[in-house]
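In order of appearance the chains are A, B, C, D and E, and numbering begins at 1 in each one.
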Amino acid sequence: MIAAPEVDLISLAPVLVLSVFTMLVMLMDLFIGKNKSALVLVALTGLLMAAVSSFAKTDWPVASFGGSYVVDHMSVFFTMIFCLSSALAILLSVDYNQREKIRVGEYYSLILFCTVGMIILASSTDLIMIFLGIEIVSLCLYVLAGIRRGDSRSNEAALKYFLLGAFATGFLLYGMTLLYGSTGTTKLAGIAEALSSGEALEQPLLLMGMVLLVAGFGFKVASVPFHMWTPDVYQGAPTPVTAFMAVGPKAAAFAAFFRVFTEAMPGLAPSWEMLLSIVAVITMFVGNLGAIMQTNIKRLLAYSSISHAGYILIAIIAKSSLASSALVFYMLAYAFMTFGAFGIVILLGRDGKENLELEDYSGLGFQAPLLGLAMSIFLLSLGGLPPLAGFVAKFYIFQAALNEGYVVLVVLAVLNSAISFYYYLRVIVFMYMKEPKGELKVSMTPITLLVIIIGILGTVELGLFPGPVLTLAHP
Amino acid sequence: MSFVSLAFLVPLFPLIGSIINGFFGLKIGKDRVSWVACAGPVMSFAVTLILLFSTFFHPEGTPYPEQSLFTWIAAGDLVIDFGFQIDPLSLVMMMVVTGVGSIIHIYSIGYMYEEYSYYRYFAYLNLFLFSMLLLVMGNNLLVMFIGWEGVGVCSYFLIGYYFEKKSACDAGVKAFVVNRVGDFAFLLGIFGIFKMFGTIDFTEVMTAAPTTLIYDGEAATLITLALFIGATGKSAQIPLYTWLPDAMEGPTPVSALIHAATMVTAGVYMVVRCSALFNMAPLTMMIIALVGGGTALFAATIGCTQWDIKRVLAYSTVSQIGYMFLACGVGAYTAAIFHLVTHAFFKACLFLGSGSVIHGMHHEQDIRKMGGLKDHFPITYVTFLVSTIAIAGIFPFSGFFSKDEILYHALMDGNVIYWGMGISGAFITAFYMFRLVFLTFHGPSHVDPHVHPHESPKVMTLPLIILAFLALTGGILGIPLIHGWHVLHNWLEPVLAFDLETALHASEVMLAEHGHHTSFAEVLHEAQNKSHNIWLEITLMIFSVGVALAGIATAWFFYIKKPELPGKLTKGQWGFDLVENKYYVDEFYDETIVKPVVKGSDLLWRQADARGVDGVVNGVAWVIKLFSRAASSFQSGFVRNYALIMVMGFIFLMIVSQIEI
Amino acid sequence: MFLTFLTFLPLIGALALAFIPKEEEGAIKQTALAVAVADFLLSLQLYADFDTSTAEMQFTMDVPWITDWGISYHVGIDGISLLLYIMTTMLTAISILASFGIKKHVKEYMMAMLALSTGMLGVFISLDFFLFYVFWEFQLVPMYLIIGVWGGPRRIYAAVKFFIYTAVGSLLMLVAIIWIYFHFHETVGVFTTDIMLITQQINLDMIEQKWLFCAFFLAFAIKVPMFPFHTWLPDAHVEAPTAGSVILAGVLLKMGTYGFLRFNLPLFPLASVEFLPYVCGLAVIGIIYGALVAMMQEDLKKLVAYSSVSHLGFVMLGIFAFNHYGLQGALLQNINHGITSGALFLLVGMIYDRRHTRLIADFGGLAKVIPVFTVCFMIMTLSSVGLPGTNGFIGEFLVLLGMFQNEMSYAIVATSGVILAACYMLWMFQRVMFLEITNPENEKLTDMTPRELCTMVPLILFVFWIGFYPKPFTKTFDASIEHLITQVQPEDAHGSQDHHASTETTIKMAQATAVQNGTH
Amino acid sequence: MVPLSHYLIFSATLFSIGVLGVLIRRNAIVVFMCVEIMLNAVNVSLIAFDRYMNQHDGQIFSFMVMCVAAAEVSVGLAIVIALFRNKATVNLDEINLMKW
Amino acid sequence: MELLIFYPLALVSVILAFLVVFNKNAIGSAVCLIGMMLGLAGVFVLMQAHFLAILQVIVYAGAIMVLFMFVIMLLNLKDDDKGWKMRERNVWLTSGTGVLMIGVLYKFMDTTAEAEFNSPATVPDNFGTAELVGTSLFTDFVLPFEVASILLLAAMVGAVVLAKSKVD
């Protein structure tokens, strides 16, 4: 006799809603004609519904499925970020896909699938679930990165991402296995319990498992030295996908990273703190240093995103509830800035010419003053200049870290911030201080502009009046 | 109503003149400029006279009036008024400054008339008078310091009046910078005084000095030394005298007013003004006397070898001021002021006379190209001769009285070395001054045939006559020998009065409080035992007149009787070369201070700053770029490389984790 | 509220400019000028209403901002910031007037200037760490653009250097601020970033003070700039457009010294006393070094820039004299330097506009061609030299006097800076203005235009006003300085005797030394 | 009875061989096969742990791994095909358009 | 006894794995891989994981590897991959990494060998059977099971998008 499984579908509401809408998109794609704009609406509705349904449970935290799934503060907030970032990514893609002639039906459904994966990733408290979540996200991204099939860069990005991703999956999986082997369970709470008893801490394999997990997750969040794919893939992938990759999946990976390390392995904290600190510092440095030499805006932003991963790692190291709020806030702020910046990158591209070199930005600041201003705001916010969202976010993370006493780490992060200004300013140098090569023609496509405006609003709002969001972010 | 409330007018008139001329000078025409320019000092002179007369009736024993215009600087317990002090000492100086100043202003009308920027000259000159009056009238050190630096800057402008000439500009900068060195010390002195007294008001400081400072204590010595260094800068004493000869690049009336009569004597005035402090510091006094005497002798020797008419006078000025300091150094402040006044007369006259010659010779200054000019310049010659006799110290010219008073005090209050320096200086002075007269006005003419010398207009000769008259009669102010007839002495008495006994007693008490029982009885005894020896004084007078005459005779011998002799004698003499080149002091300063500073600064900038400090900054940027290149060079584009690096990273983390546990 | 209005008025003006079409340059310039002048005139009201008898913050406004973190929009002015504030509005107006000749992107330029003004004003009024930091960083951007877009040939290098260098310093300050934030919560139990509150109640031990002092020091020392953090300044000055240099010298550098007064001294009194020798040492080195290096400069702007290093050294020295004279001198010298260096940069800008060179060697004999200009230049030169009767003297005198009362040796060395100042300024003046005209191009120069004269006249007036009657300025400082001294003093009890003490104690101290070293 | 350590060492060896293959092969498909070796190696560990703890979690896990492997293979090979269409090569050393 | 079965199986698997890496021919590699997977299936059986062993054969060695072969054939790869040569500039890096990797492996083996693992639990006879695994799958692990369906669906869509021949 099989005992009835413990099923709590209400907890699962966002996943279910979104899955349904995903399939709806796929189906509709087959039946509606050439004009696919309805799909956008459906997809956005789905995301909205998912976001709303994430509040189906309000008595956080709610654990279900035998402790493998949880609805808590972090998961809900992350769900919102995922839905936001996916919505922005879809909006960003509308004009782009038209320009680049990308099949939208599958495209949108893949983004939605990916979102499902992200939600699962952020809400799971079971290694198996986390593994599956990561794989869903990754698989969708492999495909999305290579979705411009006619473009060899896109192909290359997909292949690189895929091979390295699969390689990293091996590490991650091995790490999970060893963790499972030393504790006898795949549930995070169970692992924590086993570790807290002290007996499991003696397990020789545990440490290796932890390092393997660092490597595996490190790959997903693009932290050095597992970041190697990032610049190439960011560059090769279609721009909206790049923006999406930089925000949603990364946030999801961080959510899981945070959960696994803080919820499952607090007992091992002294050793992984050390490891992560090293990784964080190297990540910040390599990201910022690498960005300095870049001439391609997408590559530059890729390196920048690596460095941001470094900052965010500090939140994991700080591991308090303050840190989790900081992480959440950071990802939200990061979403606005990144989508805004990539939005402008997309706007500048035209048929057959993407205009991705910094040279192409010469004179932008005066020929399209508002775009220049917007780009400056995004870049300065990424650099962490007050009073913009990026600053408040960094401030929050530094707060969390200082509160736990990681002064050196924060000082290094702060120095990196200073370095990072160099390349963000470099873009501004091109926009304002170099003479334009020719006349810039910017086609102001409305939906992309909308994304940029949302980005600006978010960046400025979170910078000037972060109060309400902070209240939300704090458990 | 007290007349003192008029005091502010004295500096105000020249200031107004300066402002009018400075801003509108070009528009109103030269004649009006002259009127405006001369009206200032003359009116000041008038007000000074009023003040002087009102002071005659000042009740004895009461403090002299001060006029405070407003609170200038207030910071915590430091309150500095912008105020003037009208006491005998400042009145003497004001008389000299406004009087001689007026005369020279008038003279300048003639001398400068052909200049394009005539107005500029007068604006500067009026501004100078303003500053100088602040200097002498200020009731505290800081107002004095405004004047002190103000005259410096005016001097800078006036020396560099012919700003198209490099030498003039350089001389101006040199004057200002060297003065600044002195000012630096002066400032430190002010700080020290404030630290010790908590105020920088003259009256308060001087009243408190005997009971606050310790006789011969470190504080007293250092403060006075600092002040004295300040004075050496302004008054062109060793070691800061080098700017004055170069300052002769300015127009001649300027040399007369600033670099002979007034500004350069400011140092003397300052020392006298702070006499109460100096009295507490015998060590400083000794240094002052030595420096003064030394300068007197040293500059005089250089004066013998110069060929530029103004430079001779310049060294003579340095030398004469040396005498004044010598007087200060032995505590004969009255004598110093006396000499200051008479020197102002005769030296102004000499300079103006030389100016007249230069004017008439179309700006020829080399005395080797003159000679026999007495027929061409009758008035100039006579006035020049009168002043020369005065400076040489021949009875009954003014210089005789003042110089002999100094020499007397040098021997009586000082020692025979001071006197020796003084008397040898006197001999040389007489010699080189008459050398100047003989070479210029007597003997065969060496005038360039293209030059037609002519006597100057009345506006220039009249001042000469006035000044010559003063040089002749100025000695009245200080007729010696008969007690009570020394007008100046009586006049200054209340300002210079100093009760050594109280001071020494206070010092003893203060030292005793700290467990040091020192007795100053000996000092006191020595001071009290000095008495006026009238016969000695007469002897000295006769001797010094004799010395002066000897000097004149020597000059006559060398330059009239056997004019070819000096050339023969000095040829190839290293000693003479040394003196002729002013002992190479300028070169010495150049090599030891100026060049090292310039070279060092250049090094500092090009190496230390651009390469060192900024190099570090740019180096950091460079290193970052280097690392940046390294960081992105790993990004080779090959997937397997990426995988390799991931594995390496994993292994690295593995090792780290093993180390940690 | 009024203060807030004044502070944000330029920003509003900048936004208004956005709606004027690009082509109407005249209207843009006039609007910008009108806004700046209005801001200046209105800010005079602050002076009129300012109560000089109290050290309390005035015109305060305190509105909760980010309540979760205890951050509020708290602004106010006291004696330390009042004149800096007014000077900022004035220099903004003057620099906008001086930039009428700007050729490219007029609209953006004016917007940047006005935005910059708001940023700078905000720094001086912020009474909340977070707010302060926001303004502190915010003003970098317009300045960066002004240097980078409208600057000289190496403008990008200079602009980036300026930005990064300053950012590096201030980011460490950020860390310190957050640290204080938590420390304050631990010790007092409140999460707040209110500067006043923290200053009053914070309790730090020596080690903590030292570290925090260093973090703040770096930020401010770079801004000041103190040796050896000064190298961004010459580059920034040389490349910046005239108005940029004016603002840079006049206001931006003052933020550094202001920071010392507002944060380092009151928050870390122990460390301030502890670090006095080092800070003063650097200040003195800066004075001498700046002067020596200035002497060798071939570029006028660079010379003035290095002279700023030297002058700001005096300000630092005054601040660390910890007594009334020094602090008053420092505050006044702040204003003086703003006026004098600002004017010098304006003047250099004027001849640059005519000759398109700033090399000293290219000039010579200008006095003959452009007399009015020469007079202005001369006045400012003398003010820079610190001639008594000009503003420069009062400040330097008080600073040196203050330092002398505290630590004689520094004052003595620093005083020698006045000699060097005379050297480099007068030498420069001579080479530019005097001598024969060697370059025929200089003969065709035209004298100052009325507009240029308008920019100079107020500054000249201030030079003499402060020089002869500084009381209206110094009286605003008094109460705040007294307050500041009491904040530093208690911990400084034994050391303070010789600097704050009355005359009697000074005399006694001096006598004691005299006895020890006496000649008897 | 085979000790657990034997299985673990066996698994680690296979994993390392997989890693080695990824590092040194140039053919994208073979590289991918090496990744499959790694996944298989992990499966050995998982099941070994299960066996020694008398649990089924590991087996479920390895079931999921197979599932994922299948999905990955389908996507991965699709990517390879897409790439091959454009560049007619699967040699990884020839695929480096984007670098630095 | 079991060791006697384990060692040959393990040896063969390892050798085959090596052959996968060192085979010059992609097809050869694939064949070796199949062999290795079969070997592993044997090991699974040895551990009484019968269900998984079956899956290993069917899914892995069967379906997945067939797909590999299929693609290799489809692309008609020649022997352009000459062995396992690596790019020369990375020789030292790779070898260094290899040495370190061996070190890590040694460390791993060392610790595993030293660790005193409890002797295996006595497992019920039906351990590893489809029944027990299935029960577990549908009770405790029903969520992963369902999620896996999303994964597969997504993969399917993705594969279709990328591999469709017509570029539109």
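In this section, a residue touches a chain if its C-beta (ideal position, glycine included) is under 8 Å from a C-beta of that chain, and two chains touch if they have at least 3 such contacts.
This one's a predicted model, so the numbers in the text were calculated from it and none came from an experiment.
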Mutual neighbours - chains that touch subunit D and subunit E alike: A, B
Longest centre-to-centre distance from subunit D, chain (CA-based): B
Pair of chains joined by more contacts [C-beta pairs], B-E or A-B: A-B
Chain occupying the most central position, where position means C-alpha average: C
Approximate Å spacing (C-alpha centroids) for the pair subunit A, subunit E: 30
Subunit B and subunit C: spacing of chain centres that average the CA atoms, whole Å: 36
Centre-of-Cα separation between subunit D and subunit C, whole angstrom: 65
CA centroid of subunit C to CA centroid of subunit E, Å: 70
Multi-chain contact residues (two or more partners), subunit A: 128, 132, 135, 139, 142-143, 146, 149-150, 158-160, 163, 167, 205, 208, 231-232, 293, 419, 422
Shared interface positions of subunit B, touching two or more other chains: 632, 635, 637-641, 643-644, 647-648, 654, 658
Chains that touch, pairwise: A-B, A-C, A-D, A-E, B-C, B-D, B-E, D-E
Contacting residues of subunit E [partner subunit A, same complex]: 108, 111-112, 114-115, 135, 138-144, 147-148, 150-151, 153-155, 157-162, 167-168
Residues of subunit E touching subunit D in the complex: 2-3, 6, 10, 13-14, 17-18, 20-21, 23, 26, 29-30, 33, 36-37, 40, 43-44, 46-49, 51-52, 55-56, 59-60, 63-64, 67-68, 71-72, 74-75, 77, 80-81, 84-87, 94, 97-98, 101, 105, 108-109, 112-113, 115, 117-124, 127-128, 132-133, 136-137, 140-141, 144, 148, 151-152, 154-156, 158-163
Touch list for subunit B against partner subunit D, complex: 632-633, 635-640, 643-644, 647
Interfacial residue positions of subunit D with respect to subunit E in the complex: 1-10, 12-14, 16-21, 23-27, 29-30, 32-34, 36-37, 40, 43-44, 47-48, 50-54, 56-57, 59-60, 62-64, 66-75, 77-82, 84, 89-91, 93
Contact footprint of subunit A on subunit C as seen in their complex: 65-69, 105, 108, 130, 133-134, 137-138, 140-141, 144-145, 148-149, 155-156, 159-160, 163-164, 167-168, 171-172, 174-175, 178-179, 181-182
